[in-house]
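The two complexes that follow have chain A in common; it is paired with chain B in the first and with chain C in the second.
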Partner chain A sequence: MNVDKMHLLEESVTELPPPLGGRVKAIGFGVGILGLASASVLGYLQEDHYTRFSFSYLIAWAFFLSITLGALFFVTLQHVTRAGWSVVVRRLAEGLSSQALLMALLSLPLIVPLAMGNHALFSWADHGAVEADHMLHHKAPYLNVGFFIARCVVYFVAWILMARFFFKNSLRQDGSKDPALTLRSERGSAPLMFVYAITVTFAAIDFLMSLEPHWFSTIFGVYFFAGCLVSFFATLILTGLWLNSQGVLRGAIHVEHYHDLGKLLFAFNFFWGYIAFSQFMLIWYANIPEETFWYLTRQEGGWITVALLLIFGHFIIPFVGLISRHAKRRTKILAFWAIWLLAMHWVDLFYLAAPALASRLKDGALAAGTLPLGLLDVACFVGVGGMYLAFFAVTMQKKRLVPWGDPRLNESLNFENA
Partner chain B sequence: MTSTVYSDKEFDNTGADPTARAPLILGDLDIQGVTDVVAGIPEQPRTSKAWWIAFGISVSLAGMFGLLTAHLIYTGTGVWGNNIPVGWAWPIVNFVFWVGIGHAGTLISAILFLLRQRWRTSINRFAEAMTVFAVICALIFPGIHVGRIWLAYWMFPVPNQMEMWPNFRSPLLWDVFAVGTYGLVSTLFWFFGMIPDLATLRDRATGCIRKAIYGALALGWNGSARHWHRYERTYLILAALATPLVLSVHSVVSFDFAVAVLPGWHTTIFPPYFVAGAIFSGFAMVITLAVPARIIFGLEKLITLRHLENMAKVILTTGSMVGYAYGMEFFIAWYSGNATEGFTFKNRAFGPYAWAYWIMVSCNVIAPQLFWFKKIRSTPWLMLIVCIFVNIGMWFERFVITVTSLSRDFLPSAWGYYSPTLVDIGMLIGSFGIFFTLFLLFLRFVPVVAMAEVKAIMPEAHIHKSSHGEEPAHHA
Partner chain C sequence: MHETTSTSVDLKPKDGGLLAQFKNPTALAAACEKVRDAGYKKWDAHSPFPIHGLDPSVGIRPTRLPWLIFGAGITGTSVAILLQWWTNAVNYTFSISGKPFFSLPANIPIAFELTVLFAALTAFFATLGRNGLPRLHHPLFNSERFLRATSDGFFIAISSDDPGYRPDSTRALLEAAGAEAVEHMEDDSQINAKLPRPLTIVLVTAFVLGFIPLGVIARARTNTSPKPRIHVVPDMDSQPMFKAQAAFSGFSGFADQRAMRQPVAGTVAMGDRHLDEHLTQGIVDGAFATTLPSEIPMTRSTLERGRQRFNIYCAPCHGEAGYGDGMVAQRAQALGSPKWVPPTNLHEPRLRSQPFGQMFNTITHGIRNMPAYGHAIPAKDRWAIAAYLGALQLSQNAPLSAVPQEQRAALK
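Presenting the complex of A and B:
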C-alpha cells in the first residue's frame, strides 16, 4: 500500500553536517560553561550557603530532565505500539533520551552537597529539623540522605540503560537493517514502561514534592509526567524545524509529521491541565489544612500572578491557539506555541519548586509572596541548557538522524493525515 | 452466510513481523462477503432457539428488577442493606460499576479513531452498543435511590416557580450532567455511525415493514459522495467532542468520593485512576461478550485473534495503571503521616473487609498480568476467563472504596458492618438482565459490525495505491 519513498531520504541531508555540529557544540559549551560559572559566582555572592543557587539550579536541571524523560517515554511508547508514522522523528527522540547520562552528571551539584551534609534544598536532610518535627521524623525512613541518594542511583541507572537499549538497537539497525532488532526493542518496551512509571513517579516526589516535605499528593507523579511530555513534544518540534531550516532532513520530516506532533503537544497540554485541575480542585474542595497550605503559599503576593499565568498561559491560551488544524500545519505558528509552552513549563517548575525557598532562607531574607526571580535563574538555565545542547550535538554527530534501517521507515515517509 | 467451520489456528494474525502489517480481515472475505456475514445476522428468517432461551432468561431477570424496584418504591429504601454508617452501598457501587463498563465503547470509537487504530472498526459497533446499555443500567440506580422517586426531576435545574434549585456544589449533581451528556453523545455517536449500515439493511430488506422501519432509521442515506463527505467530517468532529467525555465522566464520578474528607476517598489521584479503571472494566466486558458472539454468529474472520489480543493488551495496560494507583494510595497513606488515612488502608487490607480487598487485588492487579503470556492473550477462552475475573474485581473495587471507608470512619463508636439484603442481590442480578435484554435485541436487529467502516480498511478500498508490486494488505 505504501509507495517507495526512500528516494526522499537519499536526496536529503540525513546527518548533522560537521561544520554545523561543530558550531552548535562550540556555542553550547561556551554558553554552558559561562552560565554555570556565573551561576556559581552569583550563588556564592548570595552568602546563603548556596540556598538560592540550589533552587535556581534545581529548576533549570528539572527542566532539561523533564525533556529527557519525555523523550524516553516517547521512544518506549513507539515500540510498545509498533508505531509507523513516527519513525522519522524517533532518532531525535532517542538522542534526547540519551541525555539521561548528562542529567546524571549535572545532578551532582544537587546531590554532592546533600551527601556532605548541606541541607539547602531539603529540610528533611537537617537533623535538627527532623528532631523537632514529628512529621519529618515519621517520614525519615523514606526521606533520609542515604536512601535518597540510593534512589537517585537507581533512577539514573534505569534511565541511562533504558535509553541506551533503544538507541543501541536502533543504531545497529542503521547498518544491518535487521528487523529482529525492532522486535527486540518492542519486546523490551512493555516491561520497561513499568520501570519508567515507577522511577519517574518517585523522582518527582523526591526532587520536587519533598521540597515541602509536609505536603503530599497521590497525583504528583502523573503531574510531573504530563509536564515532561509537553516539554518534550515542544522540544522535538523545534529541533525538527531547526534542522529543516538548516537543510537537514528536509524531505524526511514533513508537514504531516509536524501536524501529528502538534496534535500530541495539544493533547498532552490538555492532559496537563486535566491533572493540574484534578489536584487543585480536590484539595480546594476538601479544604483540609494539611493539604491546602501548599496552595495557600502559592496564592500569596506575587505567586497568585504565577498561578494565573499557569491557568491562562499554560492551559487556556495554548488550548485555543493549537486547536485548529491550520495552527498545527503552519510551521511558524507551531514553533511559536512550542516556544510558548516551553516557557510555561519553566514557569510550572518554578511554581512547584521556588515557593519552598522562603522557608529555607533566614527569617525575613525573602518576604512571603515575593517571587525569587533573578539573574541566578537565567544563569542556571543558560548553563544547563548550553551543556544540554552541546551534548546533544555530541550524541548526534556522525550518526544518521533518522533510523535508517527501520523496517517501517518507508511507512513513516508515506504518512499522511487522511 | 459462510458455514465453514473456522479454526483460530488456521488464521493466526497475531504475529509480530515488523516488516509487514498484519491483515485485519481474514480469509476469503471480500466486500460482498462482509455484507453477507454481518447483514445475514438480523436477516435470519428464524430466530435461533439459543437466542430465545438467552432472551427469556434476560427478560425474566429484567422483570425481577422491575418488581424489586416497585417493592423498593412502595416500601422505601429500608429494603436495602443501606444504613448508618454505610448509607451508600450497593446502589452506588452498581452505578459506578455500570458507568465504568460503559467506557470502552466511546474510547474505541473516539480515541482509537483519533489515534488511527484501524482494528477498532470490527469491534466499535457492539462496544458502543454496550456503552449505551451500560449507561442505561447505571442511571437507574441513582434514579431509584432518591427516596421519593416522584421528585427525581428535582435533579434537573428546571427553571420554575418552585424557587428550588439543585445544589450546584454537589458532585452528585455534576454526575447528572456528566453521565447524562455522556449517554446522549454515546447514543448519538452510535446511531450516527450506523446510518450507512442501516441503509444497507433497508436496501436488502424483502418485507415492506422491514423496509419502512430500516428506511426511516437510515434517514434517507443514498451513499452519494456528498453524503459520505459530510458523514466523515461529522464523524471526526463527534470523535473530537467525545474524547474529553471519556475522561470527564469517570473523573466526575470519582469526585463523588474524592471531594469528601473521608479517609480512603479523598486523594488526588482519583480522577485518572477511575478513568483507567473504567476503561479496564469496559474492555474486559467487550471481550466477555465478543468471544462468544464471534463464534455464535460466525464473525471470526472479522473479529480476529489480533483484535482480541490488542484488547488484552489494553486490559494489561489499564490494569497496571489501576495497580499503580493502589500502590500510590498506600504509599501516600503512610507518607502523609495522617493517622486515619493510614488506618483506613490497613483496615482495607486486614480489617473485616479484607476478603473483599484481596478479591479486588487478585482480580484487578494479578489476573491481567497473565496477559504477559502470548498464549493466554491469543486463546479466546482463556481470555474470557481472565476478563470475567476482571469484571468481578472491578465490581469489588467500588465495593471496597465505598463500604470500607464508610463502615469505619473517624469515630470507632459509630463503626458498623454492612451486609446486603436479598433485594440488593436481586437488583444487581436484575441489572444484568436489563443489560443482556437490550444487548440481545441489538444482536437480533442491528448490524453488529460496522460494515461500512470495515470495508474502508480492506485492500479493495486502496486499490489505486497498491501499484508498486507490494501485496495489498489491510493494515493494523
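Presenting the complex of A and C:
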C-alpha cells in the first residue's frame, strides 16, 4: 500500500546547503593538507627512507579505499536486486563510490616510490632479496613492479568507470525521470559485479597480502571485502544521521532505513567474523609452518592484544550490541556502534599491514611484538580522511542528495520493516 | 432416505463470536483502534496483505520470540562446547600427535552449527506454539464471506471466548466502527475438529506398528542368536572372488583350477623389485643387512638427503638429535596421557648395534605405535635415512680416536 509520500522530500532539504557544504570543504581541505604535510614531516624525521610513513599511509589509504569499495558494491547490488527500499540512501553511496578517483590520486605516494625503485613497503620489489629467496624468485612473474603497476591501473580504471556509470545514469535521471536509465543500470550491474569481485580480490592480495609475500591465503580477498562492507555501512549510517541532524533529508531517510542499514551492518560484521575465523581455522588446523608464521607473528608481544581486541571488539561485543531490533532503531545506539566498528576496521587494517614493518626496518629498530603506533598514524589518517571528506562534499555539491528521478523513490519513502 | 445421525445434543454448534467486514485497510485500521480501546483481548484482524502500522492499532505487543530464540542459540553454543569437551577431553581421550585434547578453535564450527540449529528450530516451533498451531479447524472457516480474506476482504473477528464479549453490545460496537457487514461465527470445532475415522485408524495402527522395530532392536541387543545374521545386501557381504594363485575346486577357467596364471619363469614385471631383497626389504641371506645396498653409495649427498628426510619425517617425534624429544613427544609428555608410548631414544645401545637392514625394516613397517612409512618414503630415501641415522649415532658416541688429531685438543 504505497501512498504518495513525495511531499516528504518537497518539505525537506534535499541538497547540501552551500554554507554547510563550504564549511565541510574548508574543514576537510584544511585538516587534510595539514595532516598530509605533518605526516610527510614526521615521516622524514624517522630517517628510515619513509618506511614507517609508507605503512601508516597505506593503512589510512586502505581504510578510505575500503569505504569507497563498499559503497561501489552496495550501489551495484541495489541494481542487481532491483531494490526499492534503498533508493533514498543510494545517492550518498554513489557519491562515496565516486571517490575511487580520489583514491587513485592518493595511491600515488605508494606507487610512485615503488616505480622509482623504493622497496620500503613491498619486499618483493627488492631485487637483492628476490635473488636470494627461492619463494620470492618463484613468485616474481606475478609480484614485480611493472605488473603490479599495470594491475593498479586496471583496478582504478575499472572502479572509476563503474562508479561513473551508475552515478551518471542516476544524475541524468534527476532531470529526465526516465525509467529506461534505471533499466540501463540494472542491465549493467550483474556483469559489473564480476568485474568488482575480481578486482577487489586481487587488489586486496596486492596491497595488503603481498606485504608478507611468503604468506598466502585464498580467502584473503573475501576477508578484505567483508571489511569494506562493514566500514561502508557504518559510514553511510553516520553520513545519513549527520545530514539529518543538519536538517538535510529529514523525514526522507527515516528510522526504517536506518533499521535496515543496521541489519546489513550487523550481517556483514558477522560475515567478517565468519570469514576471519574460516581463514584462521584452516591454517591453525593444517599447522604448516609456511602458513602459520603469519598468525604466529600476530600472537607475539603486543600483537596478541590486537588480535583479542579484534575477536571481542570487532566481532563478539558488536554482535551482542547490534543483534536487537531495539538497538538498530535507536539512532543514537546505532551511531555508537557505527563509530565503534569504524574504529575496529582501522584496527583490522593495522593488524593486517603493520606487523610486516619490523622486517623492513633496520635490525633492532622495532623489537618483535612492539606495536608501531604513533603520531604518524594519526597524521596519515587525518590527512587522507580530510581529503576524503572534502572531495565527498565537492562531489555532492549542487546535486540532489536523493535520486530524484528514480521510479522507486516513492516506494523507498514508504518503506517499512514488517 | 434421510438417515438420522446419533449426534448428541451437546455437539450442536456454539456461538463462536462475531465476524465484521470492512471496506478498505484504512477503515479496518480505524475499527481496530476502537475494538482495542473497548478492551477486547481475544480478537484478530485479517487482510489479504500485510498492512504496515496495523500492529499498534490491534494492540499487539512486541513479540517475546527473539528472547526465546536468543536463549536457544546460547544453549546450542553451550551444548556443542560441552559435548565436544566431554567426548574429547573427558570420556575418550585420544592423543593425536600430542595435540591438546580440547582446543577451542576446533570446536567453533560445531558450536556455530548447533547455535543455528537450536535457534532455528526454536523459532519454528515457538512460532507455531505461540500461535496455537497446528490446529485442525477454526470457526472462521465456516464463513462464506471470510473466503475473501485472501483476495479483497478486510475483517475483524472477535471470539466468544473474550471476557468482554456480549452478542448484542459487541455487534453494536462493530457496526458503530464502520463495518459493512457483521455475522455470527458458528463454533462447530467440537464436531468438525475430530479427525476423520479412517485417518484415526491409520495413525493408531502406524503408532502401534512403530513399536515392532523398537522391540526387535531391543531383543537383538539383549539376546544372542545362533542363527547367521541377516544379509540385507548379500552380494556386498559375500562377493564371489578368487585369490590370486590359489586353486578353487569349482573353477574351470584354467586346467589347474587356478584363477590366474603364474608369471613366466625367470621374468620380473615392470617396476617390481621385490626380487632384490637387500634393496626392498633390507635382508641378505635371511638376516638383516649390515651394509647399504649397492644402489645407495655411502656419500656426502646420500647423508645430506638422509638428514633432510629425517628432519621431515622422524624429527617431529624423535627430535633432530634423535633423543626421542621431538615437538610431538614434548607436547604429549606435557599432556600426561597414560595411553602415550614415548618415542625411542635412537642413541640407546640396543639401537646403536642394530644393522642398517633392521633400521630400514623399522622405517618401512613401523614398530609399536610408530606408524609404517613404507608407503610415504621411497625405498632409496629410507636407506638414506638409515645411513644418516648411523652417522647421527656415531656423532653422539664417537671415541676420541675417531676425531682428527689436530681437533682433539679442542675437545679436552
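Please note the rule applied: the second predicted complex is superposed on the first by the 418 of 418 C-alpha atoms of A that agree within 3 Å, B and C clash if a C-alpha of one lies under 4 Å from a C-alpha of the other, contacts with A are read in each partner's own complex, and residues count from 1 in each chain.
Methods note: contacts are C-beta pairs under 8 Å (C-beta built on N, C-alpha and C of every residue); 3 or more make two chains touch, one makes a residue touch a chain.
Here the structure is a predicted model, which means the values were calculated and not measured.
Enquirer: For the three-chain model obtained by superposing on chain A, do chain B and chain C clash or fit?
Expert: In the superposition, chain B runs into chain C.
Enquirer: Examine A:Ser324 and indicate which partner it touches, taking first as chain B and second as chain C; both and neither are also allowed.
Expert: The answer is second: A:Ser324 touches chain C but not chain B.
Enquirer: State whether A:Ala197 touches chain B only (first), chain C only (second), both chains, or neither.
Expert: first
Enquirer: With both complexes overlaid on chain A, does A:Tyr285 touch chain B (first), chain C (second), both or neither?
Expert: In the superposed model, A:Tyr285 contacts both chain B and chain C.
Enquirer: After superposing on the shared chain, does chain C or chain B touch more chain A residues?
Expert: On the superposition, B touches more of the residues of chain A.
Enquirer: In the overlay, answer first, second, both or neither for which of chain B and chain C A:Thr182 touches.
Expert: Touch status of A:Thr182: first partner only.
Enquirer: Based on the superposed arrangement, let me know which partner A:Ser107 touches: chain B (first), chain C (second), both, or neither?
Expert: Neither partner.
Enquirer: In the superposed arrangement, does A:Asn169 touch chain B (first), chain C (second), both or neither?
Expert: Neither partner.
Enquirer: Is A:Ser98 touching the first partner chain B, the second partner chain C, both, or neither of them?
Expert: In the superposition, A:Ser98 contacts neither chain B nor chain C.
Enquirer: Which of the two partners, first being chain B and second being chain C, lies in contact with A:Ser54: first, second, both, or neither?
Expert: In the superposition, A:Ser54 contacts neither chain B nor chain C.
Enquirer: Using the touch definition from the top, say if A:Ile275 reaches chain B (first), chain C (second), both or neither.
Expert: In the superposed model, A:Ile275 contacts chain B only, not chain C.
Enquirer: Would you indicate which of the stretches 204-212, 258-266 or 294-302 belonging to chain B has clashing C-alpha atoms with chain C?
Expert: With chain A aligned, chain B clashes with chain C through residues 204-212.
Enquirer: Touching chain B in one complex and chain C in the other: list those residues of chain A.
Expert: 1, 281, 285
Enquirer: Across the complex, what residues on chain C touch chain A?
Expert: Spelled out, the residues of chain C in touch with chain A are 25, 49-53, 66, 70, 105-106, 108-109.
Enquirer: Under the stated contact criterion, what part of chain A meets chain B in this complex?
Expert: My answer: residues 1-4, 82, 84-85, 134-135, 138-139, 142, 179, 182-183, 186, 190, 194, 197-198, 201, 216-222, 270, 274-275, 278-279, 281-283, 285-288, 290, 407-408.
Enquirer: Using the touch rule from the top, collect the residues of chain B that touch chain A in their complex.
Expert: 16-19, 21, 116, 244, 247, 251, 255, 258-261, 266-272, 320, 324-325, 328-329, 332, 335-338, 372, 459, 462, 465-466, 468, 470, 472-473, 475-476
Enquirer: So in the complex, which bits of chain A are touching chain C?
Expert: Within the complex, chain A contacts chain C at residues 1, 277, 280-281, 284-285, 323-325, 416, 418.
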